[in-house]
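There are structures below to look over.
After this come two complexes, each holding chain A, first together with chain B and then together with chain C.
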Partner chain A sequence: MVRPVKRREPLTDAQLLMTITIGIFAVMYGAAMIFMGGGFLRTQQLFDLLNDNAALIIISCALTIVMIGGGINISVGGVIGLTVMACALYLNGSGIQNDVLCIIVTFLLAIGIGLAFGLFQGFLISYLDIQPFIVTLAGMFLSRGLTTILSANPVKVTHAGFQALVKARAAFPFLGYTAKNGNLIAAKLEIGAIVALCVVVLVYLMLRFTRLGRHIYALGGNQQSALMLGINVKRTRFMSYVLSGLLSGLAGFVFLMHKPAGNASVAMRSEMDAIAASIIGGTLLTGGVGNVIGTFFGAMILATIQKIIALSSLNESWWQEMANGAMLGLFILLQSVILSSRSKHKKTAPNSAAGRGGWRTIRPRMGRRRGQ
Partner chain B sequence: MKQKTRADKRKGALGQLMIPLIALGILLLFNLIRDPRFYAISVATNNSGNPVLTGNLISIIDSASELAIIAMGMTLVTAACGGQDISVGAVGTISGTIFVKVLKAFPAINIGTVLLAALACCLVTILFMSFNGTLVSVFRIQPMIATLILFSCGRSIAYWIVGSATPQIDSPIISAMGMTIPGIPIPTPVFGVLLVGLLLAAVFRFTTLRLYTETVGVNEGAARLNGINPVLVKMGSFVILGICVAAAGIIGTSRMGQVSLKTLLVDIEMDAILAVAIGGNSLGGGRFRIIGSVLGAYIIQMLTTTLLAMRVDPVDIKAYKAVVIIVIVVAGSPVVKRELVRLWSLLRQRVLPAKGVK
Partner chain C sequence: MQGEPVLTMRGICKQFPGTKALDHVDFTLRSGEIHALMGENGAGKSTLIKVLTGVHEKDSGSIHISGIEGEARIHSPQDAQNAGISTVYQEITLCPNLTVAENMFIGRTDGALVRWKEMEKKAEAILNSLGIPARARQELGSCSLAVQQMVAIARAVDMNCKVLILDEPTSSLDEKEVEMLFGLMRDLKNRGVGIIFVTHFLEQVYAVSDRITVLRNGELVGEYLAGELPQVSLVAKMMGKSLDDMGGLEALGQKRAPGEDPVFEADGLASTECRPFDFHIRKGEVNGFTGLLGSGRSESVRAIFGADRVTGGRVRVKGRNVRIASPHDAMKHGIGYLPEDRKRDGIIADLSVRDNIILALQVMRGFFRPMRRSEMEAFADEYVAALNIKTASKDTPVGSLSGGNQQKVILARWLLTHPDYLILDEPTRGIDVGTKLEIQKLVLKLSQEDMSVTFISSEIEEMLRTCSRLIVMRDRNIVGELTGSRLTQAEVMKTIAGGER
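What follows is the complex of A and B.
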């Protein structure tokens, strides 16, 4: 009589939403190829999307981890800004002669800043039971404020070794194209973009196959059940914030490799872009549902919109915001309709446990109900 | 038994206001020790020769007006929906542009046209907030996500309405609304806060809105079983927030005498949410106290003014603000509270037997 428990049910929702996201990305990119032509027909355009948005992709992954766990982190953009500024200042001012060593120390500095924010926020949120929104809002204020305290003026990196790193590219001749003068121009990918792709794969594997990853899904799905199953809820939540902090630090370093200059307005509002990317990718803020591959395509959709608007002669930032808003609205409605129709279907199906369809229809809340 | 519960309720309500009151007290004390001249209030004459009160305290209650008004509406939305609206700044900007646009459509600015413009603002913001409200209540989308749409494109819509020019509105009525009415030395926005506050108080006094909102916030399913329509209650909270946002947009625009899309009510959504949280309201919905949020708004403004008076660079203020916020929320966290209560009872156990012996 015991029916096998469908363990992967939350994932199938995510998979459906992810498929839609990938489909829309393909349609959008295809339309750009047909109507815009030119650059979009070359692989380099796709690679440029990756190059320009490597940091966004990484923080979107960070947001996805936290959101699957039922939390939110709006400090990621601020942490990028702080990391970029601190690393730029360190690279310019450090007395280390050895370039490699200097870059390694800078990298550790970036990771350290991210980790410090992650540890602190994670501690406040999971062990002191404070609302994640407020804690990470404070984190955002803190990191933005510290950035301007470090330097109110833009800081350009002058370190020779780092400049070489910035210029380093991975070339793919077979994906290139032949220029008019007959030279083969290879498609080039920046190191940051490669790091971002690795992060997507690693986070995907982590969420899918490791114990921590499964615990994060369980925690986001239903905290009470997770607790009953013997999952260390507090530690899992703590770890999700630590991971997101770590990834924001990494994103800061990647950002610096793309644009080697610190500035008070670096990655301004990018946390909202990251949240949008996660949502477009099929992650629910309710928690328990999401997939980092979808997030990747969500970020790529935002990047493609940006590119199309930049290439057409529209007033950039206003149209960009309008298009982002419209896109977000479309996906949110789509998700809501799909999920509600599915849960209705489940409810009417025989033998469906009330609790099963139930938890998804319970109102999501930012503040968690505590078990006391 | 009944009396005990009532006493408990009062104690709980005071407990909620305890943290913000203590924070405000510490800030006041800090300023008193740092520099008593902080509290100096003097009468000066403005450009048109009318007496006005000047001083840090006046500037605090004046410039916190928009924040306080929005925080009131935000409290209601938070209580009903268990989430926050992050589009208030953007929608407030739209309200400001509508205000300017309508006023510019008439040849002269008089009381009638101002009222008409204000009405138009209210209608438009209610429309936008109803969009948010529909997404939240009918489509059951997390408020923060639903309002992310208008957050990201609201200012673009304002730009679309008003164009790249920033039209000036120059009229004694507008300056009376944004600064001071001739003859009354107190800044007019303060009266705006009072007006909105009194209106809300009257609504809570004479309708069941408060009870319904709290019921929906505590347990939506139970509210529905008791015959309350959660969709209606949530929409109602968003409509009220819309009116608050319209008021804040009008005040902000009148204060500047123009609408500047990049600076009008910028970042106010974060401060408003912060005010709600500092006021001791749960961000997860349910019970609420508007007065707590208003206190929170004044605390935030007081903090900013204090830091400015200490000659902290305006762009660095955020970092200090963050530290204070962290201290306040840690002090208000349930875990820390529990520990404090445990310590207190331990202390009393030590002290009370000694008294008994005496």
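What follows is the complex of A and C.
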């Protein structure tokens, strides 16, 4: 009996959730194009979503990695704040004459701060078995506190070389449009947005094609099983937090390239947006299921909502909050309904992702182990 | 077909604080045989398996594995794996969110990158050669439990195991799935793998096994060829009774003739954990469910109490149709249940003796009608005295009491609610002989006071002493009911074994 190897597998729950997210983004953006017109008809609008939300996209990827492994990291926003402040102060006070060198050092500083948080938190969580929520909550307070210690007042970057970097754009003339006066206006992408797109691709490849990536999925799927399958569970979890810390530092640098000013409230509560983006993108808080492509579109959905509200007459912050909340609620409901209706049609193991029904708590099976 | 010994264990001893789990146990596994390891609760099966797989260190004895010079050194599961011993557990130790192929190879590949194509091709080849109905690229969670179990076996087999341990692999499978698994087991046997099969299901043992080793109380009872050991003798050996051993059992008290009115009746009651069954109990009757471990005794009474999700059937309490969907419903209808695992389901170790006793009554009253302190004290005093609970004071946390006294505290909790019908699931397990007798006497006394009791115990004598009717279960079905003169050990064993074989 030879089965065709190239057979299409039915969509897994994770793939289905991601597809729905992409579909909803397309519908939402399409609706904006039809009903709001104007800017939404230009590629620049889409690029602006990327430009404005590059840091969010990066920390959303960081959250997705950690959440797939069954953990959580709520310190990412705080680390962005600290990184931005530290880098802004360094740029203003640096004695290095060479601009390129100075920027490289600043970049390393940003990465170093993120890495330090990742290493420390990862160590506490993985090797000392402390709850990730508590550890990263402490990390959040610590980073916000350090930011204020560095400077209680806003710090604007005055470094000329960095200003040039902030203004740098990648232009795509073929995606542009012709203005009324006949000039071709190219669609422009900031460096940070390009970095964010690269991060999405790299994290996708990491999760899909490296041993570490697959071990993170296994860890989130069932920690006990992962251990029995011969996976170094502690190291895998440690690495997931190191990566998320690293990406938070990178996100801080990207943030600074978009808004070159440090402030105690920079990226305040952005960790919550990142969690929302991951969940909307199809990542389960219970771990083991998720995908950064979905997360990217999750972040883009949040960004689109923000844009639509900003451009309409509803420009008040609580509309944004309500819309995000409604969206999150809708997605959780949708996931739960879809997963449970699918699991009815097939015999699923009690511990499968579908069997867990995503969000509802399921009574543990009573089949107990006998024998001593 | 059956060849040289691949595994020889000699004089294995293992001591745990308080108990001798294994006492000079020998075990031999030959290549190309399926060898069933049988024994009741506490017989030492699990400990023997854990010694073999490196989870526990043995105290003394030797393990030899073919192809390895001298004594095999097994100090960790990894050592066992390297020595060619693979284990597939009852709970599936794979990741449901990964594909079948990944589950077969994850954790044992080199290099930082995953080569999907190559891995899927290899997996597909193994699945095909073993005839496992799964596709390499399928998500494991979308396979049935039986197929997941088979994938776990495929992983073990691919790791070149000589000894494959299947620890209760069939407990959550249905009949067709069990047959599929047996097909795979026979196939592996023909390839020369030695298989150790641990199960509670008698029929399954005889369906696939070549040899049977029986353990009891940590000691080896013997090794037998499956074809030469009748089922009824197997049961007798597991229970440690000979068939002729029908010696008179002194009565503890008078069994009373049950009244006429049924207190509880069920038609076709079924839950997520047990098959449909009919059951009734009369006023003042003491009856019992008996059967080997895993035969479905506890699951049946849990269904009566609404402790598992009830999926079908009709229930009448004192002739009235009622719905029992939760323990709370059952309690409202005057049913009490003392669970099998008192540590998990019964006591709240950090609460005091008094609070544990009061608990069920308070729940029945509802939380908006709290009890007065003096009332609580009075109740606690009354039952501590009545049941002879040995405790320093009523404020002592229950966790610090001995097992027997903990059991009495839970018993007091239920007696306080004055149930019409009390279910006692293994109330005498792990407690001293004196307390066991006290509890049995109490059961008879309660029945004199018109309370109906369903009693479950692994010790047949206890059941015979207390029950006027025994319901016998085997492999999750009721296979007989014994009353009157048929209430003897020999009859019980025969019914459990299902006649001569």
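Everything below uses one rule, namely that the second predicted complex is superposed on the first by the 335 of 372 C-alpha atoms of A that agree within 3 Å, B and C clash if a C-alpha of one lies under 4 Å from a C-alpha of the other, contacts with A are read in each partner's own complex, and residues count from 1 in each chain.
By definition in this document, contacts are C-beta pairs under 8 Å (C-beta built on N, C-alpha and C of every residue); 3 or more make two chains touch, one makes a residue touch a chain.
Every value quoted in this text rests on a predicted model; they were computed, and no experiment measured them.
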| item | value |
| --- | --- |
| Which of chain B and chain C A:210 touches, first, second, both or neither | second |
| A:145 touches, of chain B and chain C: first, second, both or neither? | first |
| Touched partner set for A:135, first chain B, second chain C, both or neither | first |
| First, second, both or neither for A:225, with chain B first and chain C second | second |
| First, second, both or neither for A:261, with chain B first and chain C second | neither |
| Which superposed partner A:33 touches (first chain B, second chain C, both, neither) | neither |
| Touching both chain B and chain C, residues of chain A | 363, 366-370 |
| In the complex with chain C, residue positions of chain A that touch it | 1-3, 5, 7, 9-10, 12-14, 208-215, 217-218, 220-222, 224-226, 228-231, 288-289, 346-349, 351-355, 363, 366-372 |
| Residues on chain A engaged by chain B in the complex (per definition of touch) | 72, 124, 127-131, 133-135, 137-142, 144-146, 148-149, 152, 264, 272, 275-276, 279, 284-286, 318-319, 321-322, 324-326, 328-329, 332-333, 336-337, 340, 361, 363-370 |
| Chain C residues touching chain A - in the complex, by the definition given at the top | 21, 41-47, 77-78, 81, 89-98, 102-103, 106-109, 111-114, 116, 120-121, 124, 128, 135, 137-145, 148, 168, 171-172, 198, 200, 272-273, 293-294, 299, 302, 307-309, 341 |
| Sites on chain B touched by chain A in the complex | 82-84, 135, 139-142, 144-146, 148-157, 159-160, 220, 270, 273-274, 277, 282-285, 313, 315-323, 325-326, 329-330, 333-336 |
